[in-house]
Each structure stands twice: as C-alpha cells, then as structure tokens.
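For reference, the structures are reproduced in the following blocks.
Paired with subunit B in one complex and with subunit C in the other, subunit A is shared by the two complexes that follow.
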Partner chain A sequence: MRKAKHPPVFWLFLAPVLVAFVLVIVVPFLLGVYYSFTNWSATARIGENLAFIGFGNYAKILKDPSFAYSFMLTVVYTILNMIAINVIAFSLAMLVTQRLKGRNVYRAGFFVPNLIGGLILGYIWQFIFNNAVPSIGTLLGFDSWAAAENLVLAKSATALLALVVVGAWQYAGYIMVIYVAAIENIPQELIEAAQIDGASPLRRLFAITLPMTSQAFTITLFLTLVNSFKQFDVNVSLTAGGPAVMFMDQPIYGTQLLAMNIYNQGFKSNDMAGGQARAVIFFLVLAIVSVIQVSVNKKKEIEL
Partner chain B sequence: MKRTLAILASLIAFAGIALMIAGCSAAPAKLTLAQGKPEIDAALKAYAAEWSTANKVPVTIKSVGGSSGTDLGTQLKADLAAGDMPDIFAINGLEDYKEWANLTLDLSGEEWVKNTSVAFKVDGKVYGFPVAVEGWGMAYNGDLLAKAGIDPKTLVNYAGYKAAFEKLDAQKAALGVKSVVSMAAALDMGWVTAHHNFNSLLSNGLPYGDLSVVNALLAGDVDAKRLGEYADWVELLFKYADKTVLTTGNYDSQVGAFATGKAVFLHQGNWTDPNMAQAKATFPMAFAPHGSMAEATDGIFAAAPSFYVVNKNSKNVKAAKKFLNDLVFSEAGNKYMVEGAGMIPAFSNVKLNPTGQLSKSVQAYSAAGKVYSWSQYYFTGDFRDKTLAPIYNQFATGAIDKAKFVELMTKAFQGLKK
Partner chain C sequence: MTDRRRGAIALEILAVLLFLLFLFPFFIVLVNAAKIPFEITQSPLTFPAEWRKIVDNMVTIWTSVNIRYSQSFLSSVIITAASLVLLNLLASQAAWALVRTKTKLSAGIFITFVAAMVIPFQIVMFPLLTWFREIAQFTGIRLLRSYAGIVLAYIGFGMSQSIFMFHGFIKSIPLELEEAATIDGCTPRQIFFKIIFPILKPIHATVLVLNGIWIWNDYLLPLLILGKGNSVMTIPLAVSNFAGAYVKQWDLILTAILMAMIPIVIFFLIAQKSIIKGMVAGSIK
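Let's look at the complex of A and B:
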C-alpha cells in the first residue's frame, strides 16, 4: 500500500470533522459498549454504584421473549418494507422519467411525505386508520369497515402492515429521487438502439434499465434496509407497540420493533445498561447484514 | 491562504474566550421545575412568571407527559446524564422515589409540612410536597342516568352496575349514546387499565392506607376470590364499552365520548375537568364508586399521587424552598393552584375551592371520609406497563377470555416473588 504523506494543513482542514466524528460517534459508541457490561441505571438510587457485571445483561436478553419477538418482527417488517419501498419507488421513478406533462410537480409531490417528521406522520395515519377509513366505509355503505374488530390497528398482523404502508409512503419518494438520477444517467444511445431493434418496453426494462441502474440498487437497498431496521418514530406514534399478543406463553407488545424494545428497556424499565446491551446486539446484526447486502449488490454492478 | 488561516485562528480564539466567560461567571439564582402534568402547564407558567418578577429569580417550567412516548422519568434520566437536573421535580410514589432517592432533600423542617396530612414520607422524614389531591371513580352523566331512571346510589357493587349497564344498554338509541362506558385499553392507554383500574383490585373496600392486598400480591399470594370478582368487573367494563375507543382510542377519544354525551360513564379522574370545560360539557356529572366487588363499597380512590421533591445538589435550594412555601402561604400561590390549575389543594389553610364538577365530587367524598388509597405505585412501572398492560389489552380485544385473564394475572403476581 502507498504510504500517504499529508502536509499539516491537510490535518488542519480535516480537524473539525475528525473532532466531531470522534466526539459524537466514536466515543459514545465505545462508552455504550462499556455501559452494556455494567449495572448503569441513569437514575439516582441509594447505595448503587456503577459496577462491572460482565455478560449479565446479555444473559438476561436471552431469557426475554419480548426481545426474541421484536427481533423476528423487525426482520419481517424490514423485508416487507424493503420490497414495498423499492417496488413503489422504482415504479414512480419510471413514471416521472417518461415524457409526462408536469413531471416536476409529480417528482416534488412524491418527495414531500419525506419532509414530514415521523412522529407527526404516525399520528396523522393513526387518525386515517382509526377515523377516516371507518367514516369512508360508512359513507360508501360498507358498515363492516367501521366495526372495531376490522380496524387496521386492532390486530397485530394488520397493524404491522399499517407500519409498512406508512413507512413506504414516507420513504418511497426519497428513494425515487435516487432511481430517477440513475435512470436519467442511462446513455440514450443504448435505449435508441434497443428501440430500433424492436425491443418491447418490458424487454428494455429487464435488459437495459435494471442492469444499468444496479449501482443505485446498492445504495437504495442499503438505505431501506438500515432505515427499516431502525424504525422507531412511526412505531411509537402509530401503534405504540400495540395490540398485545401472547408469545412463548407470555403477554407482550405485538408490534414493538427492536428500536422501541431497546428504548422501553432503558426508559420504561429503568434498565439503561440492559437497553444498551440490546443496542450492541442490534448494531452487530445490522452491521453484518448490511455488509453482506452491499457486497452481494456490488458484484451485480456493471461498469461501462 | 494566510488570511484565511488568520480569520480561522481568530474565530477559534474568540469562541474560546466566549466559552471561558460563560464558564467562569458566577451563576445568579435561578430555578428549574420539571413536572408531568401538561394540563396545568399554562397556569403554572403564568404563576411562575409572576413569582419570578416578585422574587427576582427566573423560573423555568418544563412540562413533560400525557402521551405514550414521553414521560417525566424519561426526561429526568436525560437531564441527569447531561448534568442538568432540575431544582424541583415531580415523583409518583415509592417506586419512583427509589429511583431518585440519592438526590432528594429532606424537607421535614418546612413550614407547609404542618398544614398537610398527605406529604410524601419515608421513615418518618418528609421528602415530597403534595401537588394536589386527585381522585377517580366512575364519572357519570347525571342527565342520562335520570332519563334512564337509574339512581346513582345503587352503583356501589358489581350487581348494581350490572343491572344499570343492562338497562342503559337496552335504551342506547333513546338516550342517544353510542356505548354505556367510555373505557380505553389500548397499550398506550395502559395507565387507565394497568395503573388506575388495577388499583381497584389493590385497595377497593379496604381501610385507607391498608396494604394487606398489595403486600400479599408482591409476595406472590393471590386471593382467588378477590381476583375473580375483579375480573368480573373488568369484563363488565369492557363488554359495555365502545369497542373502537376501547381497543384503538387515545385519551382524547375516550374523554371526548363522555364529554359529548356519547357515553354515560367515564373511567377517568377529576383531572378531566379542564377537558370538560374545553368541550363545554355542562351536564351534571359526579363520581360513583367502582363496582369491583360483590360486596358494596361506597368510596372512590383519592390521594395526592404526585409530589414535588427538591434536588439535594441544587445551588438554589433556598429559592426552591421559598417557591414551594409561597404556593401554600401566598394568595397568588393559592389562586394558581385552585383557580388557575383547577386542582384540589392538599393543604388545610387553603380556603379556595375548585369549580370543576368532578373535583367537587372528589372533595365531597374526601370530606365524608369515603376514600380508598392509590396503591398501584407500590408496583414498578416496568411491571405495570410491560406485564399487566398487555394482559388487559388482550382481554379487551377478545384475544383471551376471563379464565385466561385470571390465569395470566395470577401468574404475573407469582412471578413477583423474589
């Protein structure tokens, strides 16, 4: 490897970023790992001093069915959300790169949901699912829409789908922008050549557009994977973890994703160290999965 | 290049000097109060502003709470970690106190202690200033009960409520109501089920301050008869509640259904008075006792559940103590508590009376001595929110039946035994 030798001014210019990165990312991360091996509570209890307790917190996690449940639920949610977001985003991107009237308005319009904060979005959609949908159903003569047992948020399975709907609605516009940039970068001559050869639109999609945008897929799949896995704000405001279900013979929260599980362990149960241990596991899993995803996607990229 | 560097260097130097000045200057007295009742936020801020001008001590009020995602405990943990603990903060009962015991100042010597019987005490020492007396029972709409021909005096036990609910349910259309009871059991409304309703099991029918049931449950001993009767009561409430509000509703939809006359009963406390005023609900309303037992019980649950404690490490202990004393002994303080915030004062020298109908009802029960304790705070928040709330929620959605409800509750209490 080439040994880089940088002049002092290089480090001077790098310093602000480096300091910020070390202070707000590296140090808290290492501290967090350390705290996960202690009995830290973040409150002021009498007679409790910070003590090193080894793998105690990690051992407790294995015995907690709610963590296992949240883990599986998050995997399911991530898969559904990745599919939904990318299919919708790619379709939208195809749509707004056609010769449409007012396509810039569409591009902006599809992107707007991304500008609304997740908490507010959750409350808006809670209103839609709990009040608007039943009212529309009653207006149209489908009284069953308003029945309590048919409400989307009343069952854990449909409530999870509601999370996917809101997640896709929020994030598809953002991912669309990345796809739009990729699609517009496809050399025009490739498409023209295909058209002259008489390739159908579907054939052009699979033979040209998809392979030529594979670089964008690396990014979008990574972003949707990581963001779905970390979903928290919409989860809190839309379902608050409800409704409850039975799992391994214990009553637990039915739509509590991993991030919310970590938060509740830390703040509701007054067990910060336990929450931190969960966060460390969360980080390891997410890091491994996303590294695999990126390397698989990289292999599929083509260079011109 | 040189010029850029010079500008950069001078900027850094300037920032450094500014920081040093900020760090060195001696901080004048100022107070921060963190509390968990968003409904009194505006009134408290107005009073604090008035007090600041009179005493030349700026006061900052932080109100956190009222929804699922945030509560005061969460904020306090963040404040402690940031080294920015408020001078006065609110706690709820013993389990909450234990989390902050290292920081709470002994207030036994304060002037106001003599004027209250409900200060928060541990081992004979006073640590907490009672914010207000609060109470809850089954709030009822007097007009609708009269129209249906039901005497509220019959609402004292399970049988009385069952008869009343059946009668009301049969005339829902005539009364123009959607459901008999407005009850909420969604997971983020766990404080209604697993905190408040749960307390019926703990203290209904017992002498004030009697912890026999609490201690038995904490030790894992379940009185099957008491729990069985309680399960009947929960089933009755859930059965006659509007299912939409019950399973997916929030505080607004629960209180709103009662305030707009769409429900005859409301399972909430006198803190809904400001909401009733906002909704312009003027029909006669009052509390009836819970019917969680076969035997008649004639009181509601009333206590001072929330206490202000003073941070031991605060630099402004003197100002903090004065702030609390002024609430009790100054006219402006009394006016704020009773008229501004609409609370029932916990101090004998305060002569004002709140105007809210439900608060008046709580006062009437207190004056008659017909009150039962709030004992739910003897159980950890972790236990109530993460273990009990999902059980109630599944019972409400119909995922489990009454037998399973009793079985899960029994198992949960047995799990408490250390």
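Let's look at the complex of A and C:
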C-alpha cells in the first residue's frame, strides 16, 4: 500500500496556523493592496461596489506636503538612528568584552531599556526633556533651559534628535549583545598574533575586529534599519508628532514619522484609501531598501 | 601602579559611569513616583521627601476607576498567556509537520510563512479592522474589542517567526528516534507529544521570551483591535489613555509607568540568561 503523500496529521497540525495566517495576513494584505486603488472609506463594507480609481490615491499622495515631509523626516531619522545605535552598541560591546569586574552587570544594565515598550519609554523621556532637563539647566546655571520655547521637544529639529536619543537608548543594549557574541567568537590566536606583531589597538580594531564581525553587521544594520523605519510607539508618546511646522506653505506635524502619518491619514483624516496607498508605498520602500542593504552587506562579509 | 593597571581602572570607571547614565531614566521614574505634584515641579532630580508616598500612589493607580489599571493588568496577563500558549503549541506542531513531510507543497507553505515576515503591520491594519467586523457579521464571533480577536491576531502575526525558529530546531532532531517509536506502534500524534515536544524545550523558551516581550509591550495592535477605554484594555493602552490626557499628573503617570515596568524587570532578573540568549537567537535567525 502506498503511503499518503500528505498524511492526515500533516493537515491536522497545519490547519490552525493556516486558518490564522489566511484570516490575519493573507486576506487583509490582498484587500489592502486592492483598496489602495479605490475610493474606500471607513464605513465601506466588503463586497460593496467600490469605485476603482486606479492610481488616483497615489497621485494625491505625491502632491501631499505632509507625506513628502514625513518621508524625508523618516529617512533622516532612520539614518541618524542607525548610526547612533550601531556606534554606541559597538563601543559598548568593545567595552564589556574587556576584562572588567562587573561586566555581566553592565551588560544587563545596557540591555534593560530594550525590555520595556517604546510607548512607556517615550513617556519617561517626555518627562525628562520637559521637567528634568530644565532642572539640570538650573543646577548648571543655565536658567534659559527652563523657558518654554527652549525645551528640547518644542522645536522640530531638537525633537527629532530627542527621538534619536530615545531610539538609541532603547535599542543599543540589544544590538550590543549581538556584537558581543560576534566579538567573543573571534579566535584568540588572531588577536595575540597581532599583539606580538605590535599592532596598536586601533589597528587591531580595523584589521581584525571589524572584518571578523562583518556577519553581525549584516544583522544589526538590517534590524536597526527596519525598526527605525517602522518607529511608531516612541513617536506617539514622546512628541505625538508635534510641534507644528510650516512646510510648502502648509502647517504640518513637525516630527510625524511615516508610520504615524499612515495612521493619522486613515483614522484622523478618515481617508482610509489614502492611508492604505501610503502603507503600500511604505511596504515597497522598506522591502526594496532592506533587500539592497542585506545584499550589499553580504558581499562584504568574510567567509570563515 | 603600572600603565596597564591604570588603564583597567579607567575602563572600569567608564563602564560604571555609562551604566549609571543608562539607568538614569529609571532613577528619575522611581524618585518622582514617590512625590506629590508640587515636589515634582520644584525638584524632579532629588530624592522624595517621603518614600512612603510611592505606596499611596501605587494604591491610587491600582484602584482608580478612571485608569482601570488592575483590570488592564489582568487583561494583559490573559492576552499574553493565551497567545503564548497557543503560539508555542500550534507553531511547533506546524513546524514538525512541515519538516517531516518532504513535498513541494510543504516547502511552498514554509516559504510563504517566511516571506510573510517582511510584511509590515501598517499594510494590513486598516483592512484587518473592516475584515474582522465583516467576520463578526457573518459568524457572530466578535473579533473587535474581544480577547478572541486579539489572540487570533497575535497568532497570525507571530506565527511566521515562531514556525521558522521551530523549523530550524526540528531539522536537527534525528529521524531514527521517530522511526523507532513508529515501529513500537506510536501514532504520529503520540510521537509529536510524547517524543518531539519534550525535546523542543530550549526552543520553546526562546520563542516564549521573544513573543512574550513583544506581546506584553505592544501598543499599535491592541490600539486598533481593542481601542482605548473599552472593556478590554492592555497596560500600554491604559497608560497611554491616562498619560495622553491634557492635564499631566506626572506623579501618577510615573507611578503607572513604574508599575508597568516592575513585572518585566522581575522576569528579567529571574531569567536574565535565557532572555538575552532568546532575543539574540531570534534576531540572528
């Protein structure tokens, strides 16, 4: 007797996840792409005849200053955040792989912010920037720090930097752990040989540590790229998109990253189709950029 | 003192300073959660006049009818626990079925799951709401503002990565083990639950940690599916509902934040090693 190609247990074990997958991801994804080409609104029902308007929503987005601004802001934020996180994380990893007495305690301390959700971290830092920083200013003799217009979150440029500070603080410890694993995997003989040859610490960093951890960089850059680009929680709780700025003669949110722009377009402006078209662009850009990043990094990896 | 020793001490001091700098925000939360509003505006950087106030603030948060913190805490526990149990059970079953059935269809299903990991939540969030509302219309099963809906959503969104991680682990389990059991007359289900499931213990821990931290802290998905101020709320929703209000009662907001952090920090102190290991394993795969 021939064995069944797919025994009953195969379907029995797969059925629940397939159902969940179709209900939660496949159907909404396909609906979402379709809706972005229609005049869909929040009240529209599935099966109702929606007017197909082709690339109408996309054409509108290209002319919308708030999207252009959010897009540029997100690119700047992503670049700054990637640099900040990776530089800090790698430096911390170098530090905690030295022979330090309390290195496990330091590692744990740097890691902790990562366990707490972005939303809560954002509120903590809102308090720090609005209350603790002016107080520190007074202690140091800079009374002007307490003036409402000088608060970090009161200007869009410094508020963006504040988002980077919180992003780096949240994520550096996590990325650090990945670098630590990579650094500890470097064969000790290599480092000893370099030391005997008289290579300076800086030389050892560039000739050994960085090339030998290149695989870790593929991962860390990917993670920081995707997470920065999708940032939403900290944005909501730290700045809520504010303060307002003028852009192309229109008042718009000064620190509204793309994820928040999509959310607000759908729920605050009640333009679901427009929000959905933004989400499709968001998905395509993220997919393309991360594929490029991974393939560029892969080429630079050293085969061990 | 040699140069080397001096260098080592300098590094140690640098590490301690950075450590304190990293924990400074938590210090700010802790000292201000024990103050009255006037003290906070006067001196947010100093120790509180009376630490006892922290208990009063915590009681206020826990019992407040407006914030509904205790209720949200319970909901968060239910949602996280139910999602984790189901994710671990269903994903490990599915991964085992996919590894042990070597057909084109099986490979295709696996690739589809993996590919779905790149889909950002933003692209499915609007239609998901309409679709869930529609399902409720046809079947009578309420998915919005309900435990069933949010747990289903977490299973859907967490499934890909969980299956992927179980899949990698199960591939390394020798087939002989299962063949011997088959000869002894075990059914496939018995093989999975009696033999495979116990072997998966380390990877179960990794998947639990990874999904647990994500689900416990998640904000956007509960915001959409449960909404703020409805009967079922999670802790992040309750905190944002309260902290986002126009008048900022920082003494109570920071207390609520402190209370939201305590369970995670305790969990971290108990299971530090497996948490760090789990989160790194999740990233590298």
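Operating definition for what follows: the second predicted complex is superposed on the first by the 269 of 304 C-alpha atoms of A that agree within 3 Å, B and C clash if a C-alpha of one lies under 4 Å from a C-alpha of the other, contacts with A are read in each partner's own complex, and residues count from 1 in each chain.
Operating definition for what follows: a contact is a pair of C-beta atoms (placed from the backbone, for glycine too) under 8 Å apart; a residue touches a chain by one contact, two chains touch by 3 or more.
In this text the structure is predicted, and so the values were computed from the model without any measurement.
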| item | value |
| --- | --- |
| Winner by number of subunit A residues touched, once subunit B and subunit C are compared | C |
| Which of subunit B and subunit C A:Met246 touches, first, second, both or neither | first |
| First, second, both or neither for A:Ile120, with subunit B first and subunit C second | second |
| Touched partner set for A:Ser41, first subunit B, second subunit C, both or neither | first |
| Which of subunit B and subunit C A:Asn270 touches, first, second, both or neither | first |
| First, second, both or neither for A:Ala154, with subunit B first and subunit C second | first |
| Which of subunit B and subunit C A:Leu23 touches, first, second, both or neither | second |
| First (subunit B), second (subunit C), both or neither touched by A:Thr78 | neither |
| Which superposed partner A:Gly109 touches (first subunit B, second subunit C, both, neither) | second |
| First (subunit B), second (subunit C), both or neither touched by A:Asn297 | neither |
| Subunit A residues contacted in one complex by subunit B, in the other by subunit C | 44-46, 119, 236-237, 240, 272 |
| Touching residues (chain side subunit A, partner subunit C) in the complex | 5-7, 9-10, 12-14, 16-18, 20-21, 23-25, 27-29, 31-33, 35, 44-46, 92, 95-96, 98-103, 105-121, 123-125, 127-128, 131-132, 135-136, 139, 169, 173-174, 177-178, 181, 219, 223, 230, 232-233, 236-237, 240, 259, 262-263, 266, 272, 275-276, 279-280, 282-283, 286-287, 290 |
| Residues of subunit A touching subunit B in the complex | 41-46, 66, 119, 130, 134, 146-149, 151, 153-155, 236-237, 240-246, 251-253, 264, 267-272 |
| In the complex, subunit B residues that touch subunit A | 68-69, 73-74, 76-77, 80-81, 98-103, 186-188, 242-244, 246-249, 253, 380-382, 385-387, 389-391, 393-394, 397-400, 408 |
| In the complex with subunit A, residue positions of subunit C that touch it | 8, 11-12, 14-16, 18-19, 22-23, 25-26, 28-29, 32, 40-41, 43-45, 90-91, 93-94, 96-98, 101, 103, 105-106, 109, 113, 116, 118-128, 130-131, 134-135, 152-153, 155-157, 159-160, 163, 187-189, 192, 213, 216-220, 236, 239-240, 243-244, 250, 253-254, 257, 260-261, 264-265, 268, 272, 275-276, 279-280, 283-284 |
